[in-house]
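Labels A, B, C, D, E and F are assigned to the chains in the order they are written; within every chain, residues are numbered from 1.
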Amino acid sequence: MKKTVPVKPFSESACNAAEARVVLAGAPLDATASFRSGTRMAPSAVREISWHLEDASLLDGRSILDAAFTDAGDLHLTGDLEHQLEEIEAFAASVADRGQKPLLLGGEHLITYPAVRALAAKHENLCVVVFDAHTDLGDAYRDMRLSHASVMKLAYELLGSGRIFMLGTRSGAPEDRSLLGGEIFHDPGGLPDEVLRRLDGRPVYVSVDVDVLDPSVAPGVSTPELLGWSYRMLHDALRALSRVRVVGADVVEICPPYDPSGVTALIGAGLARTLIHLMDES
Amino acid sequence: MKKTVPVKPFSESACNAAEARVVLAGAPLDATASFRSGTRMAPSAVREISWHLEDASLLDGRSILDAAFTDAGDLHLTGDLEHQLEEIEAFAASVADRGQKPLLLGGEHLITYPAVRALAAKHENLCVVVFDAHTDLGDAYRDMRLSHASVMKLAYELLGSGRIFMLGTRSGAPEDRSLLGGEIFHDPGGLPDEVLRRLDGRPVYVSVDVDVLDPSVAPGVSTPELLGWSYRMLHDALRALSRVRVVGADVVEICPPYDPSGVTALIGAGLARTLIHLMDES
Amino acid sequence: MKKTVPVKPFSESACNAAEARVVLAGAPLDATASFRSGTRMAPSAVREISWHLEDASLLDGRSILDAAFTDAGDLHLTGDLEHQLEEIEAFAASVADRGQKPLLLGGEHLITYPAVRALAAKHENLCVVVFDAHTDLGDAYRDMRLSHASVMKLAYELLGSGRIFMLGTRSGAPEDRSLLGGEIFHDPGGLPDEVLRRLDGRPVYVSVDVDVLDPSVAPGVSTPELLGWSYRMLHDALRALSRVRVVGADVVEICPPYDPSGVTALIGAGLARTLIHLMDES
Amino acid sequence: MKKTVPVKPFSESACNAAEARVVLAGAPLDATASFRSGTRMAPSAVREISWHLEDASLLDGRSILDAAFTDAGDLHLTGDLEHQLEEIEAFAASVADRGQKPLLLGGEHLITYPAVRALAAKHENLCVVVFDAHTDLGDAYRDMRLSHASVMKLAYELLGSGRIFMLGTRSGAPEDRSLLGGEIFHDPGGLPDEVLRRLDGRPVYVSVDVDVLDPSVAPGVSTPELLGWSYRMLHDALRALSRVRVVGADVVEICPPYDPSGVTALIGAGLARTLIHLMDES
Amino acid sequence: MKKTVPVKPFSESACNAAEARVVLAGAPLDATASFRSGTRMAPSAVREISWHLEDASLLDGRSILDAAFTDAGDLHLTGDLEHQLEEIEAFAASVADRGQKPLLLGGEHLITYPAVRALAAKHENLCVVVFDAHTDLGDAYRDMRLSHASVMKLAYELLGSGRIFMLGTRSGAPEDRSLLGGEIFHDPGGLPDEVLRRLDGRPVYVSVDVDVLDPSVAPGVSTPELLGWSYRMLHDALRALSRVRVVGADVVEICPPYDPSGVTALIGAGLARTLIHLMDES
Amino acid sequence: MKKTVPVKPFSESACNAAEARVVLAGAPLDATASFRSGTRMAPSAVREISWHLEDASLLDGRSILDAAFTDAGDLHLTGDLEHQLEEIEAFAASVADRGQKPLLLGGEHLITYPAVRALAAKHENLCVVVFDAHTDLGDAYRDMRLSHASVMKLAYELLGSGRIFMLGTRSGAPEDRSLLGGEIFHDPGGLPDEVLRRLDGRPVYVSVDVDVLDPSVAPGVSTPELLGWSYRMLHDALRALSRVRVVGADVVEICPPYDPSGVTALIGAGLARTLIHLMDES
């Protein structure tokens, strides 16, 4: 595995690195935001606050101390953008090669693309479930080839029709409509059973762009968008994914400079825990 | 039209100034707040964040690029309070004289008074629909003649009985009860059909004091008040007004110094877009 | 009564100190937080913002000017922790001795323990209703004898089985389960009628740890916890307690350094008003 | 004396109100700022932090506990601007009538005008020493009759030539040059001995606009201006005024919303203490 | 000239665009920061606060209204990094082609490279005077080819020996020493006369990385570095450059998310004014 | 050595733990502050920003990569105050037992007491050089036995006359004067040669309370005090101590909640580096 930058690890883990089923890493890419930058600060903010969540929940009885995960630190991203994306892809590939599952803490949404590339190379028929306020279907015609705003277009070009499921998406360009609802599944509301049926038995990558939540819930994101989901709605949708086989995941677009109370970092920690349990158990 | 201060305009507009149906202007009056000041910073905060909303919504299919609006800049408010109010009135009148509709970005709520004066002079039987946590029915007896807290009393004295419709209002002085429910319509909950029926065919001015929203939704206002509306509730009420003829509008009381994440400015931008569509289409 | 530090009083009161039924005091204890400190700033933040709530609510018709309360200032807490707790206990006892009811503005949750000690000595069969995201059942085995995280264990050891009612609690240690639901009532949802029935006729102390609310509602607390209540849910639960006899109360764990918009202080002021009315009327 | 709003008093005072030589009051006027508003928050911010200064200084041996001062609370400023200025004038006059000296905590700089009016009526030949980055010589021709930016023009029209001494002033309109250096003394650097000689034996009002300091020293002011003084330079200039007879003073333009670390409020508390000692001893 | 994004212009200008000697533009590049991102917010923050500086200074008698400058708006930077740099170069070239001088508001320090490329193509023997805490001499060997930390290495490779003058630089890599003091002039203190002599008669580009100032003076920068200059020291050094022929300039690395009081934006506005006067007069 | 909490380490170290001459640890004690709490956040804030200082300084040629230090993580402080102090003492003792030197990152100033106890037991004749705005000579008579405000009294009672050297101290209680200048050396200005002479050949513990600096330099401290030192003055005083034998040190009272720009954390990182070099070389 590539050398990483040392960090305060995510939560307490009772599991040693070799036995972990889930390997978390920070991917503080922060180069192509169109509005606010600052997502590079997210991995450390999320890890710091993760220590202050109680180990166990009274609501579902789960304890993070029972989960087989480890924190590999932050990826050391330098050089030009292509090179940084290669670093992320190499990391995800090396984790998968060892039979483990990567959980990336972004950083901006573009990190999903190299992670999906790495996992698509291991898992035939990989599907992507993405929670996001925006379609992220920009492309070179709109002067965005590699960008947080084109990441799903890149994933679509890689995976093809019927493999991407967009949930909570409420904003996009008019021309996105040609793909949405057809080649790309799209539901601005919750996670319908239809999606669970279509994902049944297939390997799934889950990408959570925190701006799927309403700005009143998650103010500290790069590109807040009104009329979003509650945390419980997202939490329940992730729980419902326990019926499918999740092989990798990320939490992206948290932007600490706009999160003075830390509530968005707290949400990042909660989501990362939920995804750890999801991948550990599936 | 009066000379205005140059600004970064609200959103991108594909419409030239002469053809606009809606003319937006900033009215950064910030002189009579009883709690927090700072509303003068709202027009620039709202405009800045307006550029980062996507042009088009997947929820309703509307694009701001299709709306016939222009941004005239900020009114240059100087001198004593009476003079500043005259400047606002003159601006609203000049817009109406050209057959256009004014949309004011406050500033404090007192700006509604000169705007209503200007439009009442053009439109017989003008009604005012106001979304606000507070009755704003103070008066000279309470040492408030011209004030954000007396603006609806001033409007009432101008327009008379049956012309003002207060929605979302949950706080006021005990003596306000003599007017509420009688001469002034009042519903702390949503927008009832009765109001739409009574407004049918009449010219309507819509004033949105953002503190009608709950503080968890819109923290950055001058006078936050608990137990308020969700953004969706307000959004839906404004949409419902598409059945009536809206001839002018404002969005007031956003207070950027208390809005570190920008979510309240974002709400201001969303409301302004909704009001632009409303006035452009009615 | 012990000498207190002079303060800007909570809201305007039309009642003189001797006639007050409710005596408010600040208890800025801030020594044992495990995550964020800063609760010592809460009493002054809550008092400051309390002046900007309207006197009267249009929703329930109550006015704070009609309530028989006084503000005694801030307790002067110095010396070691045991001594500070004695100061709080002495204050609560002296208020109760005069036939009045104490309302403490924390500070951290540990202040509930000396207050309950004082009132349990006056009121046989005292029960405690606590709204809190966390069980706070730590103890000496976990290296926490006197701590915000052990306060309910201390209260339980003092009062015994069947006297503590935990509402909104969603996080705790696995070993807490031996007490919850049995010796200590526990409901992570709202306030069930069963609790009201069991409290009927008994003296009740109400402790509101503001982290019972969701972080989107109350971001400025020491230990925010996801999946919490709305303000209305808490407000309604407190209102429902008007059927029982409340003899003392507190509002704790507001942490102003993490509350840049002041919404959590505003919630503290709203809760304090509701508790004043509750104690004044019962 | 007019009724004031209750506050947490400035520092601890060992002196009762009747025996005080200096009477402090908050004058939270915040109506005419041209850039940032928020000075209304200054009196409470300055008072709060004043309690955390040590009583005694090792540098000069003075203790605030030895000073004969009292805090009268905040003036209750309502109604239109003229009326608010009358309230301030009436307060300053009533203090002077009792043989005491007023110390006003602004609020904006305009409060100096009514205070000077009141004292000029008691003290023949009153002079004003003003520390300020700006000339504040706007007038009705520039659409500013009553404004923070015209306060020294108003004072000049009241007192006439040779009575105003501007120190630290580095910014103004070109037309101000006709007065500066002639009818109004002006030195952008420190306090020259010439000024002390000219003030000898005359009653002096001292007005400190905190923006005389460099923005690196006092960031939280309404209108920061580069190339200002250090705190020590201002402190030493005030100390030098112990050779003259100071009969009233103010500290204005502190703007807490732009002072997240509280250093500007701390400076306000330090200046107020220095002015208390100055007036108590002269 | 390339189409730019509309903005609130920098200060008030009495000069029309065609007659301007200095053309200001925002270059909100924010892609390669190694620590804090956010410089993209600087152009709008600097412009906003520029309106609140007085037009005229009493210290040097200059008024911004006398300066022949115009604000062209923000460059529209999209696509990959190379393309963004080309946009900046094209802008600077087009300004120079019209006989005007560009003043760029960054954005990050990398913008200096395309600006210098453009001007070096017009002005033989172009020299660069750079005020910066860091050497910025990283290169491809350190995985930084195009980066804020390699910008001076790029400029050096373009211009060669004896053309770059680094002032205020106090931090760098050990291997930078081979260039500093020899091929690249270096003085961590002020601007020595030797530099003025060497620049005499040559065209000069001035780049001000605001982190040359001490963090106590300019906290809101991407990479603050201790033991820096005062603002006066920098101001005086820029003034001294009035003896040479300045043909272009920039102000870079202001980072508004870390500048809550706005003092660093204010410094940016002050520096931009000084550079406008410098270029207008030379 | 006691088990510590894992952290992101301070800067990059090329030294392994066993070979380190200096062992850094966080001591996030935050229990007895009299004004602002929050120092518990300092170790992580200082470590985070330490990674963004350049490795090498051009001013003195030193590189942190050449220093023999290691970061042991954060002490796990639980239980009552006495127990937490014992943890700190045990850590410092264990470091000294291995022939290494401890560098503690506070946390509040009280941590100095157990560190000095540990080192006084190893090093006969230990002296303490303390940089601090306050005397910290409170005691049980003032209700402060174990407190940040009594730490030097505790050290004095332990070490006796002639062993404590207070520098930069400008504020204290009148009764402190009986000790200052006699049994305890005191100079509010810089570090005089007399102190270096008296320390010659003796083991020295250096405690830096960051509030010795002026609030304009270091705003984010628990108890800011006006008229303090510049960073350069403190830096030079620490450098001068290279002539004596420093056996342990701490940096205390940084309070991140009041440090929004991070400049005070940056100062903490700079001071820690200077102290590492000092202890590594002496």
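What we mean here is this: contacts are C-beta pairs under 8 Å (C-beta built on N, C-alpha and C of every residue); 3 or more make two chains touch, one makes a residue touch a chain.
Owing to the predicted nature of the structure, the values given are computational and were not obtained by experimental measurement.
K.L.:
For chain C and chain E, which third chains touch each of them?
P.N.:
A, B, D, F
K.L.:
Comparing the two chain pairs, does C-F have more C-beta contacts than A-B, or is it the other way round?
P.N.:
Greater number of contacting C-beta pairs: A-B.
K.L.:
Indicate the whole-number Å distance between the mean C-alpha point of chain B and the mean C-alpha point of chain C.
P.N.:
Result: the chain centres lie 39 Å from each other.
K.L.:
Hunt down the residues of chain F that sit against at least two other chains at once, touch-wise.
P.N.:
If we look for residues of chain F contacting two or more partner chains, we find 216, 258, 260.
K.L.:
Among line, ring, star, complete and other, which best matches the way these chains touch?
P.N.:
Other.
K.L.:
Taking the complex as given, what residues does chain D use to touch chain E?
P.N.:
Those residues of chain D that touch chain E are 34-35, 134-135, 169-174, 176-177, 180, 186, 188, 214-216, 219-220, 223-227, 258-260.
K.L.:
Give every residue of chain F touching chain C within the complex, in rising order.
P.N.:
Touch residues, chain F against chain C: 30-33, 36-38, 40-41, 78-81, 83, 143-146, 257-258.
K.L.:
What part of chain A is in contact with chain C in the complex they form?
P.N.:
Spelled out, the residues of chain A in touch with chain C are 52-59, 63, 216-217, 231-232, 235, 260-263, 266-267, 270.
K.L.:
Going by the contact rule at the top, pick out the chain D residues touching chain C in the complex.
P.N.:
For this pair, the touching residues of chain D are 6-9, 44, 48.
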